[in-house]
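What follows is one structure encoded as structure tokens, with my remarks underneath.
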Amino acid sequence: MTTVEERLLPSAEPVCLIDQNGVPRDHSSYRLPTKAALLDGYAQLVRGRRFNDQASALVRQGRLAVYPSSFGQEACQVAASMVLREGDWLFPTYRDSVSIVSRGVDPIETLTLLRGDWHSGYDPYEHKVAPQSTPLATQLPHAVGVAHAARLKGEDTVVMALVGDGGTSEGDFHEALNFAAVFHAPVVFFVQNNEYAISVPLAKQSAAPSLAHKGIGYGVPGERADGNDLAGLLAVLGQAVEKARAGEGPQLIEAHTYRVQAHTNADDATRYREDDEVTPWLDRDPIQRLTTYLEHEGWLSSEVKENAEAQAVQVSAQLREGLMPEPEVDPADLFAYLYAEQTQQTREQAAFLRDELAREEA
Amino acid sequence: MTTVEERLLPSAEPVCLIDQNGVPRDHSSYRLPTKAALLDGYAQLVRGRRFNDQASALVRQGRLAVYPSSFGQEACQVAASMVLREGDWLFPTYRDSVSIVSRGVDPIETLTLLRGDWHSGYDPYEHKVAPQSTPLATQLPHAVGVAHAARLKGEDTVVMALVGDGGTSEGDFHEALNFAAVFHAPVVFFVQNNEYAISVPLAKQSAAPSLAHKGIGYGVPGERADGNDLAGLLAVLGQAVEKARAGEGPQLIEAHTYRVQAHTNADDATRYREDDEVTPWLDRDPIQRLTTYLEHEGWLSSEVKENAEAQAVQVSAQLREGLMPEPEVDPADLFAYLYAEQTQQTREQAAFLRDELAREEA
Amino acid sequence: MTHMKISMAQALNQALRDAMQADDSVVMFGEDVGALGGVFRITDGLTAEFGENRCFDTPLAEAGIVGVAVGMAMNGMRPVVEMQFDAFGYPAFEQVVSHVAKMRNRTRGRVALPMVIRIPYGGGIGGVEHHSDSSESYYAHTPGLTVVTPATVADAYGLLRKAIEFPDPVVFMEPKKLYWAKEEVDLTEEQPGIGTAVVRREGADATLIAYGPAVPVALEAAEVAAAEGRQLTVVDLRSVVPFDDETVCAAVRRTGRAVVVAEATGFASVSSEIVARVTEKCFHSLAAPVRRVTAFDIPFPPPKLEKYQLPSVDRILDAVDDLQWEDS
Amino acid sequence: MTHMKISMAQALNQALRDAMQADDSVVMFGEDVGALGGVFRITDGLTAEFGENRCFDTPLAEAGIVGVAVGMAMNGMRPVVEMQFDAFGYPAFEQVVSHVAKMRNRTRGRVALPMVIRIPYGGGIGGVEHHSDSSESYYAHTPGLTVVTPATVADAYGLLRKAIEFPDPVVFMEPKKLYWAKEEVDLTEEQPGIGTAVVRREGADATLIAYGPAVPVALEAAEVAAAEGRQLTVVDLRSVVPFDDETVCAAVRRTGRAVVVAEATGFASVSSEIVARVTEKCFHSLAAPVRRVTAFDIPFPPPKLEKYQLPSVDRILDAVDDLQWEDS
């Protein structure tokens, strides 16, 4: 193997620093994150899990139109945000609500899309989080554009672009990685390989040795990590972000994880997979193994636990309170944001709707 | 490197069996083609070169709307067709006229698109050659579809799908390779890397170690060859076709060649590259090196040479005669082939045009 | 046994099943159409019944799906592909416009593409962004495509069977808000062909011209209008391309007034075309300009606001009221 | 010095140059726009003058180009991108429809996308398949886009400057057959804004409504008609979206008759929309139905046959003759 190939191909095994039993593992290229980082991550995982559970419950109560849960993928969600600095950008998909919240976005604003009162609820510039993307992989070229513009402006921004295993099959994935590589743009492409695209298992999605092996075809270093090991993810994603920031160009990281629940509440996973397949993944739970490790190290004081629990309680209360009331919507909004300045046509149509509603009220 | 990686990554150097001085080289995995194959290839190269020269001349005389010449790439053109059997399919681009003619298609019918009397002139089913594709890389998923259908029907068809270096950047390239890999479809993707996409050099197209390195990201074996060495190309493409036929799934081959002339007659290459860059490639000419080798072996009898020359003379005469007269076109054709059965609307519009022309004539 | 009460989704499923039974070259593929049976269950059970070679999941890439279908059609098959939602057909746009629509013409009829692109479309199901587009106008504007859309359960079955048997590519638009609407139907009953509009209700005073999801709304409006003393004809286009000028114009000439009802945004759309051609052909029969009830020219709204965007009975009745009755 | 005789291509080039000079955040990119200066030389010299960071070649991937432009616009730049030919804009269709058109609306105005997508379009230059499409209707049908097209050299400059300064994404359609048409112009002269149509010729008898490449043909037809004693108004839309109802309808009301002239295929197109809205708004001023002179509903023909597809002076005059003059 040439040295270029060595540099660009992923590790033979997904990087794992704390195994599924909570036991730390040595690694030649990556080191365990600090205690502080792990404790912070722990709290965020606990909160993320609660966020997922609460959001799912709210779907059942009709408070959200739909919720694609990241249950079981919380380590990916949390790590993707934790490794970023303030000026960096996050490009999330519909499944990455927990990551968005970890980045500091208001939970209710995060769920606007999924509640259905608007297409996106938060100000993307406030925390530098792009609107959640529904058309798969289409957000990836945007991420490259943001990164390229930053570079041209001389800013040291790094962009974290999230995509699923299914999304890697879209042409936009290819074009984005290629542009990023040619432009040497500081983007970390982070594939959460949760083994499914709705009902389609990875084997029907790709015949590659791993999704991280796609990097070399663009001249982008590929790496893979155990997607349920927060420690490994923080190390791998952290290094990728550092490299991108240092001018080493884009990085591709694949996390091996699993979509424990159905695609969304509207999906019935029993139609396409056996429970047997799911069970072992429950033992690989990201929170459980980190908890075991932290307990073993003696770092999980009752204060840490209570604090994490308090944050979790807070976020679920926030969701319940924020989502319980029917959102107030204003039909005039339909025309308010389409153009910086309304056109004659949108003005007329807005007036038509206003009159219609006024007549209905009368 | 894992064994999977070893299987999927291309050779460290492009495969070359006859070097630019006409000297044969040993190779651990590929053997020199037979004398018969090389002599056949020689004649086809000579004819292909003449075809290119004559077509370019005819553009200057206004007999073709445009001609994207494969001058210097004739080894790729000829090899792509030579390795196919009768029932196999060829999916060419606008630049692959010589390959199409090598496959047996009538030269004038081949040039219909570029003459401008119709969009495509030959019957794709006669020689199993798809219409030349202009929208880049869009023909690749078609090639996969033909191959997949053949497999479902139990036929042992192989599909040779041609694409340029520039075309590899399009999303359709990615989607086609991935589908082929997942379907295990017998397609040989053959990239003629001629270093340019119009004015854009390879370095601005891709940062990959080589385009053949794109294969592993799909689980498709990648290989690369000296694109000006007919012997190497026959060996590499021939093996790829055999593997595909044997059920080993799709193969990706990159040929390193060079677009010696401008993109088309309409292009001015001096705007974006120095003559210095072109010169060394003239020494790597595919015909020259094969000639040297064949002469050295004593295989290039005057009979062989005369025969090749006769074929070349014939094709250029065919082009001159076939393209000199202004083609007869029939405006009624505009409506004749759109649907199996005309619609009320196309019937009315066809009648409108007929009446208009009748009035003009009157 | 031939009469049964089924939903449009079930009728579509039965059409696929019967087509696959009738013709071995029919294959169905797309995202999640295998084990899952499609997110709308239109392909439910097909893989189980016909095997993985006849109904299969693909990688997640719409241009690839349509492009592969082109190749399979070139090689003797009759592919039926599903775009999961309207807006997810856009990645395949180049394949559709530059190849699907042009292959027969390009090759002087030598390469035909008997294939069907099924697209669930339109709003009314509370879908989030990108799940409620009405994309038919893009396809209707593209010469070489045939664009049909059923509005009834019987037509869902009949038109899909005809689309699969059709010698040319058909864009088959499925009004997703009607998927679960049930009707008593006899599937063995022959339906009118592609290219034929149908008068769903007769009335002397004005004509409502509608297609797909707008048809039931138009029929409801006609019902209300009748109660108020105005008799409306309702034409269901069924086939957007080819367009049935004869049926549409006959109705408009009979009634002298017309309203086009469509769920898509109005600007440069199928509804514009209907107004334009009806006016061109029936100008002197018209007592008032042809009116349109369409969506506003805005992106499809989020679920909580979609009701303001969809054509409603009231909007149709208002448009009918507006047809300058005082002049007549 | 301000008056000069230049081609539309040169005017576009100057507009880019001046825009890049005036605003550092303007960047230009696409296929072959660097050293080559674009296949039509619209970007000639820009890399040399402004450097590789301001005008650059990209990998060959249109969805990527538009998608990257979206990101750059999100991050404070004003990207101008070139689609090399009309049909090569289709790979970017999803990006255009699902993001470019929707980003501002999606984010309640927080994320604006001040970007320009330049698309050379239309026939008349003997291009082979896929090089002569008129794709404006696809964009015009998509809410959230602004679609403009110049027909004069002065407008090429003026509209492109305005498009680049525009706060929202603009699809800038360049009629490629007019690229080499020269006019004496004063580039410093202020042109009307986006959204404004212009009456290019006044005449009392009928109105020709045209845009882009159809405008010079309409003007020529008006010239011939005048010689034959019929005075035609010619309206140049300039801006397809937003549409200038006021100017168009005023002309139609003045003349009582109208013909829409457009190079695109007619079905479900911008020309359908013009007929529909003019008829809706001016019905009682119309002495005859509004007629259309458009391309036939077929794929754009090969070079040797394209003359049959393009709107011609004769076809326009025939349509004008058809406006039921005997009735008036």
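To keep things simple, chains are lettered A, B, C and D as they appear, and every chain counts its residues starting from 1.
Note that contacts are C-beta pairs under 8 Å (C-beta built on N, C-alpha and C of every residue); 3 or more make two chains touch, one makes a residue touch a chain.
Just so we're on the same page, UniProt names per chain: A, B = 2-oxoisovalerate dehydrogenase subunit alpha; C, D = Pyruvate dehydrogenase E1 component beta subunit.
Quick caveat, the model's predicted, so the values are computed rather than measured.
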Partner chains that subunit A and subunit C have in common: B, D
Pair joined by more contacting C-beta pairs (B-D or B-C): B-C
Computed distance of Cα centres, subunit D from subunit B, in Å: 36
Distance from the mean Cα position of subunit D to that of subunit A, given in whole angstrom: 40
Separation of subunit C from subunit D, taking each centre as the mean of its C-alpha atoms, in whole Å: 30
Sites on subunit C at which at least two other chains make contact: 58-59, 61, 63-64, 87, 90-91, 94, 98, 102, 105-106, 129-130, 143-144, 241, 243, 267, 296-299
Set of subunit B residues in contact with two or more other chains: 118-119, 135, 169-172, 174-175, 178, 182, 204-206, 333, 338, 345
Pairwise touch network: line, ring, star, complete, or other: complete
Subunit B residues within the subunit C interface of the complex: 118-120, 123-125, 130-131, 135, 138, 140-150, 152-153, 171-172, 174-176, 178-179, 182, 333, 336-341, 343-345
Residues on subunit C engaged by subunit B in the complex (per definition of touch): 27, 53, 58-59, 61, 63-64, 66-77, 79, 91, 94-95, 98-99, 102-112, 143-144, 146, 167-168, 195, 241-246
Residues of subunit D touching subunit B in the complex: 31-32, 34-37, 39, 57-64, 87-88, 90-91, 126, 128-131, 267, 296-299, 301-305, 308-309, 314-315, 318
Interfacial residue positions of subunit B with respect to subunit D in the complex: 65-66, 94, 113-119, 134-136, 166-167, 169-172, 197-200, 204-206, 266-267, 271-272, 327, 329, 331, 333-335, 338, 345-346, 349, 352-353, 356, 360
Subunit C to subunit D touching residues, read off their complex: 63, 87, 90-91, 93-94, 97-98, 101-102, 105-106, 129-130, 137-138, 140-141, 143-144, 241, 243, 265, 267-273, 275-277, 279-281, 283, 286, 288-292, 296-299
